[in-house]
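What follows is a pair of complexes built around chain A, which joins chain B in one and chain C in the other.
Right after this comes the complex of A and B.
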């Protein structure tokens, strides 16, 4: 019987009972995304997901910047897994793509080196008195949204269609390098045909843009931006991507990595300040959304509750195109109900 | 302008579609071994001119092949045509002939 090679590009994604781990960057820059994911899983998909309050960093940024040693990272990861064990779960869902990459790497090392696994168990026991199990299923939240994209489509109020032209929105999808480029088999469609975001876009009515630098790095790159003087390399990568996608006139960008979302969003402001250049026709920039924000918007969640106002590139033009109502007066309404002061306006980028 | 403490690094990517590769084709017609180069650098390592000047055959070869001709004409003047590079080339590239023809081709194209 012939081998079905396409099966290798599939991934096992658990059906229910997830242990959720939050992301450092996302909680700071896109706080609405994680809340939206939990809401979608609990309320729309009616699945069981546990949001642990005693969690901590995976060390990802420190690990990839060579300031946290491998053994320390392993022990920190082991502690996170021990929290999952204590809560009685087996399916681990880290919100961040970097965490996903770190966990995949540690599990791979432990699978190949049982003696290292024993050492890590010993370190964790000595440091905290805790025990841990390796998760049975490790998936990224975008995998879960991808898995249930057709179910979500049925409950969506809007689709990725331009209501003025009736044509599908032209969308740039960008998957994080640590999602499928470290361990290709851990990503839906591997590194060659990553389908996790493209699948959502296609199912929800949009059109995926294929442009020359589609798989180029977003510019995050850890070491590239940690030292201020090196940030020129980081922004040069982002600029390269934008120059490549500009002729295709994307309506927005969707990413599944916290770093990609942040850098493609914020560097647009920096490029505008440095070179007075934006990559859309009107000078507002190209909105960069997380996949939860995209799903949340289509499900009818309030754009300001999703936290779209916290992005550098504002999304009112996009909301108008899809036909999503919003109240401009409530854009800067805080959790207490008080209207917060408006942020400072950029010099060149229109908001 | 706001001072961010860094600048946007210029890309060093060369898009061959935008380059004029006519001179490369001409050189290939004259010195067919030109394309055998694997950029090992043996030519530059043994070059007498290299010991005293910035003359670098490997770099010149790479620039020429990519259609980056700016400054090459001047740089090629440093070569004394001793032919040591041709003797050490493990791929049998006729480097001496390559340099003579590069000079000729660049001179002709600059006259136009």
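Right after this comes the complex of A and C.
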């Protein structure tokens, strides 16, 4: 017993030459993550990755909120693929898990319905005069970090170990629903226990927490949040997850989806303000990191360059546990070098 | 003396071998494992009469002592070929045997519950299969993952049966009554343990099954919930938490239990799948296909090749025994007719 059977399923992840597509929302909420990923791929792994400047939405949020029709989504996706074709790449890497799900779904439809593929080609031609190819390899950036996790480990300055106790950090991993719940075979380890983040954690010295609501939605759920009247469902789902993980005392949460990272981070503030309740012992909340931030920190990147100060839950306690140095005076230093005003303090949540 | 090959020494193979031996036929009985009756060895009691499984094993094994039966254990048959009116059987070591007829009784294998990963078998210690629980009952050693007596045990029906996701749309037939039997056995051993059975519908098709089901509720206080479990996970205190829907009440529910028992279905065994394919008698889901389910259920499209027991479809032990006797009768008829044909051919010449 105790064997992790989900380890057994692996997917094909291209070795090199990636076409990168950024997320619509990540640069606002976790502004250092995508830059960190590009830095890791280019500088640490020494791979070729192309960051296209003419990219645009995949329509994912509108598509899942039922405001963008399928044909439109297909054509928009086709335009993104045409950018990849023009750039001379075949391996598509969308930063967002929802984009990854949308692309996987469109490709699946085209594979099953060649006539729909032809229609999409026609729509794209009429609208833009462009042509596109279906990517040979479609993977999420977390797949690439997973694939090279051992190589990265060799170059890391820190590990996921509590330096005060010498014990592995206890980490909650959360996988975006659109990573493998739509197409299980598209995710490392398939749908129920994807291994993509667990593999990174285990390789880098941490311990994955298996708590009852591990596979539960983060609370975003698209229409649960996008329709204002439904937001109670959204926060209720997040609260359910936090109540379930609370007894395990996680050191931090890591996620691979923009929505999951944002909601698990921000709703902690909302719950604290509504109920004066946090899910850690000391009232600071549980830090929520992206996998790029986690990798970047261990590689020795500056926490403020990674953008950790822009998270709702602050990360100094975690940085101290790992032993990562930081300069508190530079926490709010802007890109221009000017020190920016400090954000307003919450009423209940400690920062 | 006519020589017959029987492949698979489960209840079907042994019963048919015995019936054929009593009719003065020489039987070569081949078994891949090192033991006969491997699917019954770890059973405690049999439904519906709660008779000891060991008694059944002893009685069946005694039948093998007949002088006309030669048992070859640890012998895997890899090829079967028809050569004129005879059959050539080849084992893994390359030994070949010439026989007049072949009976395939290669049986079933339990569904591998790890394939339903959302239910956590092989991941959480508190998740068992019906086979694991049967062993615990047999040795009167039922405990949760903390080594304590369980306060609650939950059974889940139809794991790997009637389930499109696992590719098995058929009913395995024996799991419903097995869960009722095991629930009663648990209550006999641990009267204070709460027992729940989650089901889609209960198929109490056999003699005394319905009465057992009723008794389990009236006498043993077993609770039945109509609904399927969607996922299981572990809790901080090492119990199992699962989510389900009570489809009679129409509400989702979340429960904790010490043990979650997955009632695993029956699949065609590896031997059944391989030989059925090789012999071109492969039916649905890898089981062997008979010629006619009503009138020629032991015969196949190849003359002299017969099938019996759960290599055809899920079956309980009593049905398997009856089916094996029926197969023995069909083989005797075939051998007689074949013999008469040869004799009349010789007379005409």
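Rule of thumb we're sticking to: the second predicted complex is superposed on the first by the 343 of 351 C-alpha atoms of A that agree within 3 Å, B and C clash if a C-alpha of one lies under 4 Å from a C-alpha of the other, contacts with A are read in each partner's own complex, and residues count from 1 in each chain.
By definition in this document, a contact is a pair of C-beta atoms (placed from the backbone, for glycine too) under 8 Å apart; a residue touches a chain by one contact, two chains touch by 3 or more.
Since we're looking at a predicted model, the values are computed, not measured.
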Which superposed partner A:341 touches (first chain B, second chain C, both, neither): neither
First (chain B), second (chain C), both or neither touched by A:193: second
Partner chain(s) touched by A:275 [first = chain B, second = chain C, both, neither]: first
Partner chain(s) touched by A:247 [first = chain B, second = chain C, both, neither]: second
Touching partner for A:129 - first (chain B), second (chain C), both, neither: neither
Contacts of A:235 with chain B and chain C, given as first, second, both or neither: first
First, second, both or neither for A:214, with chain B first and chain C second: second
Residues of chain A defined as touching chain B within the complex: 228-233, 235-236, 239-240, 270-271, 273-275, 347
Chain A residues touching chain C - in the complex, by the definition given at the top: 1-6, 190, 192-193, 210-215, 247-248
Touching residues on chain C, where the partner in the complex is chain A: 114, 117-118, 122-125, 231, 233-236, 241
Interfacial residue positions of chain B with respect to chain A in the complex: 1-2, 4-11, 13
